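Each of the next two complexes has chain A plus one more chain, namely chain B in the first and chain C in the second.
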Partner chain A sequence: MDLTTLGGQLLGIIPLGDIVLYVTTFNLFMSVAALVFTVLIAMSRTEKQVEAQFGTLNDREKKVSKDEFKIRRFLSIICGIATAGAMITGDLFNFTLFVTLIGIVNIGIVSAVKEVDVLDSAFQYGIIAMLATLPLFGGAALILGTTGTLSMLEIVNIPTTAMMLFGSILLFIGVAGESGVAPFFATKAEMFRTAGSPFLVIIHLSSLLVIVRAIEILLIINKPF
Partner chain B sequence: MVVPVPDVVSPVVVSLYIPAIFTGLLVGLIGLLGIAFQKRDIHVLILTDIVGLGMLIIVAAVGTDLAEALILPGLVVELAEILAISELLMSREMRKMDKKVDLIPVPLNLNMEIFETAPVFFAVILVAYGAFLSGFTGGAVAGAGILFYLISKIYRGVPSDIWEGISATAVVVWCLWLIGFLLFFAAPDYWLLGLFLAAFGLFIEVAYKAGLIGVIGREEFKRGKE
Partner chain C sequence: MNLMAEILLNVLIAFFIGSLLFGLQRKVMARIQMRPGPPIIQHLLHTLKFFIKETVFPKTAAMPFYVVITLILMAIWVAAVIIGPVTHGPLLLLFAIFAIHKIVEHNAGSSSGSPYGKLSCVRAVFSAAAELPLFAVLIIIYLKTGTMDLAGIIAYQDAHGALLLSIPLTALMFIVLIISKSYYFSPFNITLAKDIISGFETEHFGTLRGFIMMSESITWYMLVWIFLTVFIGGLSPIGYLIGMVIVTAVIGLINAITPILNPNHSVMAEVTLAFIGIVGSIAMIYI
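Presenting the complex of A and B:
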């Protein structure tokens, strides 16, 4: 199994010293999609949440102040760029760093809101994200220790050993915790209940794209078929 | 293909690899156990740092140059996350209690006589000594002097223009450091100029980071009052 089976056509290699980027149709498309979405977010304004109040006919509006809006937009753009970077990087450790950057920025996007519930949820998510750095970096370090390289172009040619399998499982646990998917989604669920929608959507999008890319990386490391 | 370990590496070092990885995982498990027992958020936050230490042990176990280069980003990520989460915890508690927060929160009442008589003297000596040292160390020493001066001024109030001016200067001077660094590569003949630009750019930049702390503190202060 090689890179072209997974990612379609191998469009080219960008050798930057130690770090060799490779561009396939798959990760080029994902990276460009993340960047396009980032541009859309950078141009958009936040929503206003209007809630009907119980017992009266009044509505309650939740607005986002201008300072908060600016900070959120900045952090969302950083999150989008980090997602695009995680899509296209050809280096295992850079991938883990991009994923942790996404985790930190996700906390930052919701950190300035006024609802205590949302802050509570963001705190729980932050704790999980911090705990997830152990399997994430540990898995990458185990793969480095076993294969002697972090470049996926090299790893794809190295036959899988049991230690690499163990490292890749750790890596996946780390990515799952850091992006808050499957077993850990309960920590993240409340985070979306605040106002300011387009910026909150990038939290979703980044974790979805990162999981798809993480699966590609697991297939590259383990070569199951 | 298993990558062979070079002969120059002693077998003792090679045999340490597996125990080190198990140590890292054990440290992580101990941290998780502690988190499971603790109920207060602040304790949970402190204990997560232990799990981060386990991560550093595993990365360090590889023991090559590359691993050494990976420890630094690992550590930075660890610090950034713990800072972000503790800010989150602080703002949550502030919102729960509806309390005001000082410009630079200090646990003690620092209304001592030494803060009224000595600050200028101390600050001048520390800044002068820092300028003599130059570079990163000098910046830290001079920064301590400026921070000391500012803390003593808190009781009389510091105008916000000063904070913002200091932090803006820090960023401009940071460019001097970059220019000096570039000179090493672009024009190696002028290495002395590059060295001095880098040394004093870094000195002033690190010294003025004290101002940056102040600006962040003030914004936190403003947010707390809303």
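Presenting the complex of A and C:
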């Protein structure tokens, strides 16, 4: 098996010392998609949520204040860049670092909102994200201990062992917890009720793209053939 | 044929055939309900109509995201046509495109500031938890065939027979995903359900709505195309057309006789089916 079996044509390798980035059609597409969304988030204004009021004919507008806008936009841009990095990295340890960074800034994007329900949700998500770092780094450490490398370009040529399978299961649990996908999703759904559409989309984008990339990485570690 | 001409031709075919298939689906549903139903070209006319309507922008919208998101939707499905029918590229890339489609649904809903759009946005987040595992059943194809490349999967089926017969559970799960993306009264399409008017489309008008509807026709064409290619093999153009008509008519029948599920029931049903599909298919391959 080689990397092109999964991600299509290998377009190039970028050696940066120990960190080797590789670019297949799949990685490039996802990384560029993350960057395009990041640029749009940097440019975009937030929407105004309009809700009907009971007892009167007036509307209630929910707006994002200027201070809140600035900090959330900054964190969203960091999240977008981290997502793009996670899509293109060829190093398992860097992937886990990017995923952890995504988890931290996701909490930050929502914690800046002054709404009790949203803050509760962010707090619960934060606890799960913190707990998930243990299996995330533990999984990567087991794979390093078993194979002697964290480079996916090398791991793809090493036959799968039971310990690599166990490590990859831990890694997937870590990624699921950090990105807040099912079955940890209930903690995160409330976060999307608040205003600030461009900032919320990066939370969703980072989660889904990281999961798609994690599937590729799991198939690289656990070669069925 | 010149590559650019081939891409353009395939995108146009995807749009026209996808629109007509939606029209067919509506016709089948109407006939089951003892109504004459609209003509089959109605969905196509409906789409084209939006391009000559005035485009207005809500003053609450998050600009420029509100506008650009429709173009992103169009761009990703044009990319899907290039990866699929034109180049027979990697299946994993189509999975990535589907993930971005869910993000577009999310942002198209939330960027308008409308409560209907916002509800659709929250539902898009919920439904992603169900639809992505359903798309992920295609990983089973990799375990079976040893390749993620569409050309390789077609070659495998030429040698070993259609995958529909050897891993039918996987095919069934993918059909559930296709049902969730059918435009008219799908039991699983909670983001466009009529209880939230038109969901994430509600506040997009004129040309923007036209682009969204055009993209949805291409989405339908591509999902059915992926199903036929991955589970039956490379067909002739007539074979694809017949296959698409059959799949669309069957899904029209399903939509006509099933209730529209609420979000929780829809997501739980899809997640359960995805779990059965993944575990069952792996058991069928390795046991």
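Keep in mind that, in the parts below, the second predicted complex is superposed on the first by the 224 of 225 C-alpha atoms of A that agree within 3 Å, B and C clash if a C-alpha of one lies under 4 Å from a C-alpha of the other, contacts with A are read in each partner's own complex, and residues count from 1 in each chain.
In this section, a contact is a pair of C-beta atoms (placed from the backbone, for glycine too) under 8 Å apart; a residue touches a chain by one contact, two chains touch by 3 or more.
Just so it is clear, the structure is predicted and the values come from calculations on it, not from any experiment.
Asks: Look at where chain B and chain C land on chain A after superposing the complexes, then choose clash or fit.
Replies: fit
Asks: Just chain B (first), just chain C (second), both, or neither: which does A:Ser111 touch?
Replies: First partner only.
Asks: Which partner chains sit in contact with A:Leu144 here, chain B, chain C, both or neither? Use first/second/both/neither.
Replies: Only chain B is touched by A:Leu144; chain C is not.
Asks: With both complexes superposed on chain A, which partner does A:Thr133 reach: first (chain B), second (chain C), both or neither?
Replies: first
Asks: Which partner chains sit in contact with A:Val36 here, chain B, chain C, both or neither? Use first/second/both/neither.
Replies: Second partner only, chain C.
Asks: Report, please, how wide the angle is at the C-alpha centre of chain A between chain B and chain C, in steps of 10 degrees.
Replies: Given the fit on chain A C-alpha atoms, the answer is 170 degrees.
Asks: Check the residue A:Gly12 against both partner chains and state whether it touches chain B (first), chain C (second), both, or neither.
Replies: It touches nothing on chain B or chain C.
Asks: Working from the superposed arrangement, determine the closest approach of chain B to chain C, counting only CA atoms, in whole Å.
Replies: 21
Asks: Please output the residues of chain A touching chain C within their complex, sorted ascending.
Replies: 5-8, 25-26, 29-30, 33, 36-37, 40-41, 43-51, 61, 181-182, 185, 188-189, 192-193, 197-198, 200-201, 204-205, 208-209, 211-212, 215-216, 219, 224-225
Asks: Contact residues on chain A for chain B in the complex?
Replies: 93, 97, 100-101, 103-104, 107-108, 111-112, 114, 116, 119-120, 122-123, 126-127, 129-131, 133-134, 136-138, 140-142, 144-150, 157-159, 161
Asks: Please name which positions on chain C make contact with chain A in the complex.
Replies: Of all residues in chain C, those touching chain A are 59-66, 68, 72, 76, 79, 89-90, 92-93, 95-97, 99-100, 102-103, 106-107, 110-115, 118, 121-122, 124-126, 128-130, 132-133, 136, 139, 142-143, 146-149, 271.
Asks: For chain B, which residues are in contact with chain A within the complex?
Replies: 1-3, 17, 21, 24-25, 28, 31-32, 35, 41, 44-45, 48, 51-52, 54-55, 58-59, 61-62, 64, 66-67, 70, 73-74, 77-78, 80-82, 84-85, 87-89, 91-92, 95-96, 223
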